[in-house]
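Which chain is which? They are A, B, C, D, E and F, in the order written, and residues in each are numbered from 1.
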Amino acid sequence: MNNILNVSPSPHLSSPETTRRLMYGVVIALVPALAASIYYFGMGAIIVTLTSVLSCVAVEYLVQKFILKTKPSVKDGSAVVTGLLLAFNVPSNLPIWIIIIGAIISIGVAKMTFGGLGSNPFNPALVGRVFLLISFPVQMTSWPVPSGFRTGYLDAVTGATPLGILTEGVKAGESVASLMEKVPTHMQLFYGYMGGSMGEIAAAALILGGIYMLWKKIISWHIPVSILMSVALFTGILWLADPTIYADPGFHLLTGGIMLGAIFMATDYVTSPMTHKGMIIYGVGIGVITVLIRTWGAYPEGVSFAILIMNAFVPLLNMYIKPKRFGKEVKHG
Amino acid sequence: MSSTVLLTIAMLSVLGLLAAMILYFVAQKFKVVEDPRIDLVNEALPGANCGGCGYTGCRAFAEALVKSTSFEGLNCPVGGADTMGKVAVILDRQPVALEPKVAVVRCNGTPDNAARTSYYDGAMSCRIAHSLYGGTTGCHYGCFGCGDCVLACKFDAMYMDPMTELPVILDDKCVACGACVKECPRNIIELRKRNKKDRKIYVSCVNKDKGGPARKACKVACIGCGKCVKVCPYDAITMDNNLAFIDSYKCKLCRKCVPECPTGAILEIGFPVKEQKPAEPAEAITD
Amino acid sequence: MFKTFPKGGIHPPENKLTADKPTVILPVPPQVTVPVSQHIGAPATPVVEKGAAVLAGQVIAEAKGFVSTNIHSPVSGKVSKIDTVVDTTGYKQTAVIIDVEGDEWVTTVDRSSVLVKEITLTREEIIGRCRQCGLVGMGGATFPTHIKLTVPAGKSCDMVIINGVECEPYLTSDHRLMLEKGAEVLTGVTIIMKALGVERAVVGIEANKPDAISHLTELAKDFKGITVQPLKVKYPQGGEKQLIKACTGREVPSGGLPIDVGVVVQNVGTAFAVYEAVQKNKPLVERVVTVTGKSVTNPGNFLVRIGTPVTALIEAAGGMPDDTGKVVNGGPMMGKALAITEVPVTKGTSGILLFPAAASRRAEVLPCIRCGKCSSACAMGLEPWLISVLSEKGMWDQAEKEKITDCMECGACTYTCPAKRPLLDYIRLGKSTVIRMAREKITK
Amino acid sequence: MNQVQNFTKGFLKENPILVMVLGACPALATTSSMINGLGMGLATTFVLLGSNTVVSLMKNLIPDKVRIPAFIVVIATFVTIVDLVMNAFVPSLYEALGIFIPLIVVNCIVLGRAEAFASKNTVWSSVVDGAGMGLGFTAALGVLGAIREILGSGAIGGFKFISGDGILVFILAPGAFIALGYMIAIVKKINKA
Amino acid sequence: MAKMQSSLKNMMFSLTLISVGASAALGFVYEMTKEPIALTALNKKLDAIKQVVPEFTNNPNDDMFMLPTGEGNSLEVYPARSGEEVVGYAVRSYTNNGFSGYIGFMVGFLPDGTIYNISVLEHKETPGLGTKLVPEGTPEKPEFKDQFKGKNPAEFSLKVKKDGGSVDAITAATISSRAFCEGVQRAYNTFEKGGLK
Amino acid sequence: MEFILLIISAILVNNIVLAQFLGVCPFLGVSNKVSTAIGMSGAVTFVMVLATMVTYLIYTYVLVPLGIGFMQTIAYILVIASLVQMVEIILKKISQPLYQALGIFLPLITTNCAVLGVAILVIKKDYNLVEGIVYGAATAIGFGLALVILAGIREQLELADVPSGMKGAPIALVTAGILALAFMGFAGLV
């Protein structure tokens, strides 16, 4: 015998797909949106992104090394994705210390506390985002207005998001038609010319990333499509019912975090259902809650909350919605 | 006294009386279904819910104890005589004196002793490995070293020694619950009588192959030569399927068998060093 | 045109390196080791003693009980000893070890290669012959054939499906057999049909074997009731439930057998063995084995005697490459890794697959990211991530509710998992535990 | 058990909220500042002391079957007394604690102690137990309140040490849950060591 | 002393005993605290009034009268007098449109309608956001409320700037600010319509 | 419409556990399994509606006329405790299956401060009887919703490798915290 053989149970083959490849696939898919926000927000976008990614990775590493005393797993890339998405969900002029708090919450509280990758019931980046939104409402809602590449960071000129303008205006009794003149055109919205969170603005870039992920089979269509469809349907009904106080579906689809949320955040494997049927229910839930919050709630935007709320239902969906088993059950004597 | 105070008193008395009556009738209608001693016994048990007693948990055992008429065959290995004594007081019975036990790993197939013939690369579980094939060495009986037993131990009484790739039992922590015994797919672990100063003498091998193959697979295998059986003055050693076994209740720790074994399969642990025996890695097991 | 089963399935790289390598007859080795248990069920009892002279084709171990079958000597020579040896299962088993002397056969065996199409035996005789000749399923499960050909009381059978799918990557022994012995195989199918009393047989073949499809389609014109069904390439199409679904649309119930939907599935190799046993009175003492692997110098398909050491096969394929890290008996998806290569070929050995060291180790296991890819891959509609963790945590009751016992151990889930979780390892553990517990409950 | 142990067990080893996780509602609801937490803790301590004393005094006068209603009456009486007294003399704290003062009556610690301890032990032991448990509860609430106040408003005991706001979540519901969660985890760790 | 058995008689006896004891204690404490509780409530009101109008000598609580808001309900008005001269009116106003609903105010007007001061009596607004309605600042560090002091709603538009008024809203708490304005406006309207100006 | 708002408010916006901190002990204690959580929700709903009704009547028609409103706490707790007992007896007599399903939870409800809390809140908020009952029912549903969600998550966490120090109450609390965070999104709906 020349060498000692390896013995393992079958199968002896494994697909080339790995967790790391999937995670970096998401990173690649996020590049167009990142480019867009750097184009519109400049230096701020770069600083926010770098801080967020670095602090997420650092928090994960430090928690594993010093608190949990487990093998560091930062190289699986999930912390990078969380970092990027956290950055995408905050204004590009957010002070660094707030971003670091966000990273601590995202990774430290929402992910590692539950046991790290794969165990967290809630989307870490969104927990971080919502935590910041509620803790630092002032900083989290002063949105820089887009301009060409800008080198300034904290000193950006701020303004309201289109959704903010809409919500405020409707509450103050203005008609949607007159408000629509104050917001960018649908085409501008599509290319991302609006105020908002760093990464949510450019629908075009986000859709591009989504197509890439669909092509690479990183995600399936069920979640994004069911979210977008249900938002379109719900807002469409409202719009048809009373166009003076409800904006059109196109506006709703192109503004706020809908695209980012539907394509990148609701699709997070860990926190979304396992079966296609479950995914559709989940998606519709997100869509409906989003519109609910947008039209009747205190917040002008509700995607983050909607996703977190539906995250909470995922275990129940997984429990009660099972894939179709092969073969009917028969009684055996 | 003001009228408020009077009203208060009246009100509360009525309420109190009502409550008392309701509860009285409830109590009358539904006499206690559960023996209150079950709670008491349950409280006296350690609450580890380890299953060492053979029941699904401490409470189930408490029920069994209360229902039983004697303690024959009922024992909480975790609490030991102390606990059983307490239970005996509660139930007003005689405790059965049981000798304390301790778990012992009966394999010494370190990489030095038993050469690896294959590398196991499946999920880290002895059961899975065991259901896959005979073993990573020529010995198809010995330890796989994936540590199922260590995971099973609820009392932190075991760990895997990375050098020997064998589990080690910490005598002072082991409560002889037997979880590891049940878990080991190879039946390597045995509960043996606990001797003074944790001394033990046992055949640290479970290989049932004939001498030749056994020896070839592992330097310290029991080859079934029978010398120990002959030398034992107390008939404590039996030979079955080419494998010697020392009954811990018959063994008087005289140590006569130990030098007899040509392969060193019999280990003596916890004794003062008598003579310098070369290379006895088993000494590492105790401390 | 190309049918397949509807849910799940994967498509690993096919790597059919030996598809065009004609079968080579391997010389008889100087010594053979014939385990007495080469099938599912009770081991056979040796009926020869040390030193006895035996002829090729002579019974050396007799079936013990119903689910068992005879073992024949594959060579002529002298019994050197009866001992326990490690065989392809990885465990020690009783085996008859024979020193080869010449190649004398039992005279009743017709060794000519003339095709005999006419079937003279009756149904009962066919089944008896299969039992006598030690036939087992050649598709991997090695279930004694005579049992499968006996339709249990209360069930009825209306068609036979012949499994020519060979969906495992690398393996080509069935493929070669269909090309080289097509007519014999189809005659064997006809015999099986007769034994079961059915009029219809379908041979399912995957689209990656176009030559076999056209060859058998052509030949089948001469056989009544046999059609060839081309199938899409998708693993695990060879699993009998999937194959039945693909060919007929019938769904074998959970916990049921093919016979519950009126079907019996047999492998093409089994059909060939049935042909040889019934028409030529030849017991199952040799089979085609594919020896393959990317590092193998001279991969090929070999006709070998049972009991030949695997080392001899590897030698025939150019020897064991230095960097070999894993040797698998069977295909890469379902085959069994060998701890040592000094083991004999048995009735169930369909291939010997060598992996270089670099490809032989499993990747680091990461936590499940709940991507659901394993669920999508599972053709049985199970949730591998769930049942494997239930099994890992010892939650047997829940695992049973989640139908862990329906798993056919195809390994598609483990293959797909991006986190490289050993899903099937734990599922297998859970499955066997659940089955054992269910049995204990019944006996109690 | 000696009385010192009897007293101190309520702080870490058997802390009502941090170990037994009883009385979680007031612990979450009234700890948006340290002062409120302490106030709530002291109110509970008073009830606990009172009910433990009375119950152990009367333990032989109360037949088993009515012990629960009897205990409840005793406890509710003390709770109402606290309610009235606080309303009269510390109105600001009374308002801050709001509905959670009457709810002391259902705080499992109080009934639990009456049932598990006071009804079986001497008056003195019961007083010590009540004090220990109550003060343990108070300490836990105080610390939790302090943590939330420091993080949430950048203040301690109402005294601000930063300008501007803190991390607002910590004075809101989510922060309460999260802070208590980690606090329990830490105490678990300490108790284990 | 032996433990009492659970007979009906014993149970009733014991519970009645406890009830009587408990209620006696309760009744006693109630009697004792009745007055301090009433006093506290009154003081609270007087304190609030004191904060929002100039020094007075009367007891505004005794002189309280109701004025209709014109929305179907009435507000309490507390006149503050120094001697015989009316120095101001404290109007107990409210709004239901706070972030968490109801907010109660005491708005103090000088007899000419100028706002003297405002005090928030009751609210459930979010800590850190809506709560910024409450504190009173210093001249160096004015708080939200301070911008109303000395303004006369006749010329000072009681609306947040977003809605075209003159009030600087609290950052990120427009809803609370808006509600605050509404409550003050209600007080002013009532005050004005009541002909007190 | 008013009732709808009341219901939405009680279930989503001012969820009894997640926003008002009432009933946290059973929320943590009975949320290990979804099936038990569902049973508990049913029992709580039943008792809460009944208790709200009875306490309301006692308060308005006994305590207030007699001028002893301060006896609220003591009267309520006795009423609730006896009520739970009675429900248990009646349930046992009239419907075994219902008793099997809810019975084990009933004793837990006596010390659930949500029940007493709601009874007190109904008075505090000046609801009339119908509003009070609707409020009680909606609150209980809100409790049930939160409980079942938490149970689902905890059952899933059973299978995950939660760090040992966080197991049990701590992780349940952190989960509840994040859940509360998510529910804050409903702010302003009413």
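Here, contacts are C-beta pairs under 8 Å (C-beta built on N, C-alpha and C of every residue); 3 or more make two chains touch, one makes a residue touch a chain.
As the structure is a prediction and not an experimental result, all values here were calculated from the model.
Q: Using the contact definition stated above, find the chains touching both chain C and chain E.
A: A, B, F
Q: State which chains count as neighbours of chain A and simultaneously of chain D.
A: Intersection of chain A and chain D contact lists gives B, E, F.
Q: Of the chain pairs E-F and A-B, which one is connected by the greater count of C-beta contacts?
A: Comparing E-F with A-B, the pair joined by more C-beta contacts is A-B.
Q: Give, as an integer number of Å, the spacing between the C-alpha centres of chain D and chain B.
A: Here chain B and chain D have centroids separated by 42 Å.
Q: Averaging over Cα atoms per chain, report the distance between chain C and chain D in Å.
A: 70
Q: So the centre of each chain is just the mean of its C-alpha atoms; given that, what is the distance between chain C and chain F in Å?
A: 60
Q: What residues in chain B touch two or more of the other chains?
A: 4, 7-8, 11-12, 15-16, 19-20, 23-24, 27, 117-118, 121-123, 128, 132-133, 136, in rising order.
Q: Scan chain E for residues touching two or more other chains and write them down.
A: Where chain E meets two or more other chains at a single residue, that happens at 6, 11, 14-15, 18-19, 22-23, 26, 30, 99, 129, 175.
Q: On chain F, where are the residues touching two or more other chains?
A: Within chain F, the residues that touch at least two other chains are 70-71, 74, 78, 81-82, 161, 166, 171, 174, 178, 181, 184, 187-188.
Q: Name the shape of the chain contact graph, picking from line, ring, star, complete and other.
A: Shape of the chain contacts: other, as it matches none of the listed patterns.
Q: State which pairs of chains touch, listing all of them.
A: The complete list of chain pairs in contact reads A-B, A-C, A-D, A-E, A-F, B-C, B-D, B-E, B-F, C-F, D-E, D-F, E-F.
Q: Mind listing the chain D positions that touch chain A in their complex?
A: Against chain A, chain D makes touches at 165, 167-170, 172, 174, 178.
Q: In the complex of these two chains, what residues of chain A are touching chain F?
A: 68, 109-110, 112-116, 118-119, 121-122, 127, 130-131, 134, 289, 292-293, 296-299, 302, 304-306, 308-309, 311-316, 318-319
Q: Touching residues of chain F toward chain B in the complex: what are they?
A: Contacts found on chain F: 62-63, 66-68, 71, 74-75, 78-79, 81-82, 85-86, 88-89, 92.
Q: Where on chain D is chain F touching in the complex?
A: Residues 21-26, 28-29, 68-69, 72-73, 76-77, 79-80, 83-84, 99, 102-103, 105-108, 111, 169, 172-178, 180-182, 184-185, 188-189.
Q: Under the stated contact criterion, what part of chain D meets chain B in this complex?
A: By the definition above, chain D touches chain B via 65-66, 68-69, 73.
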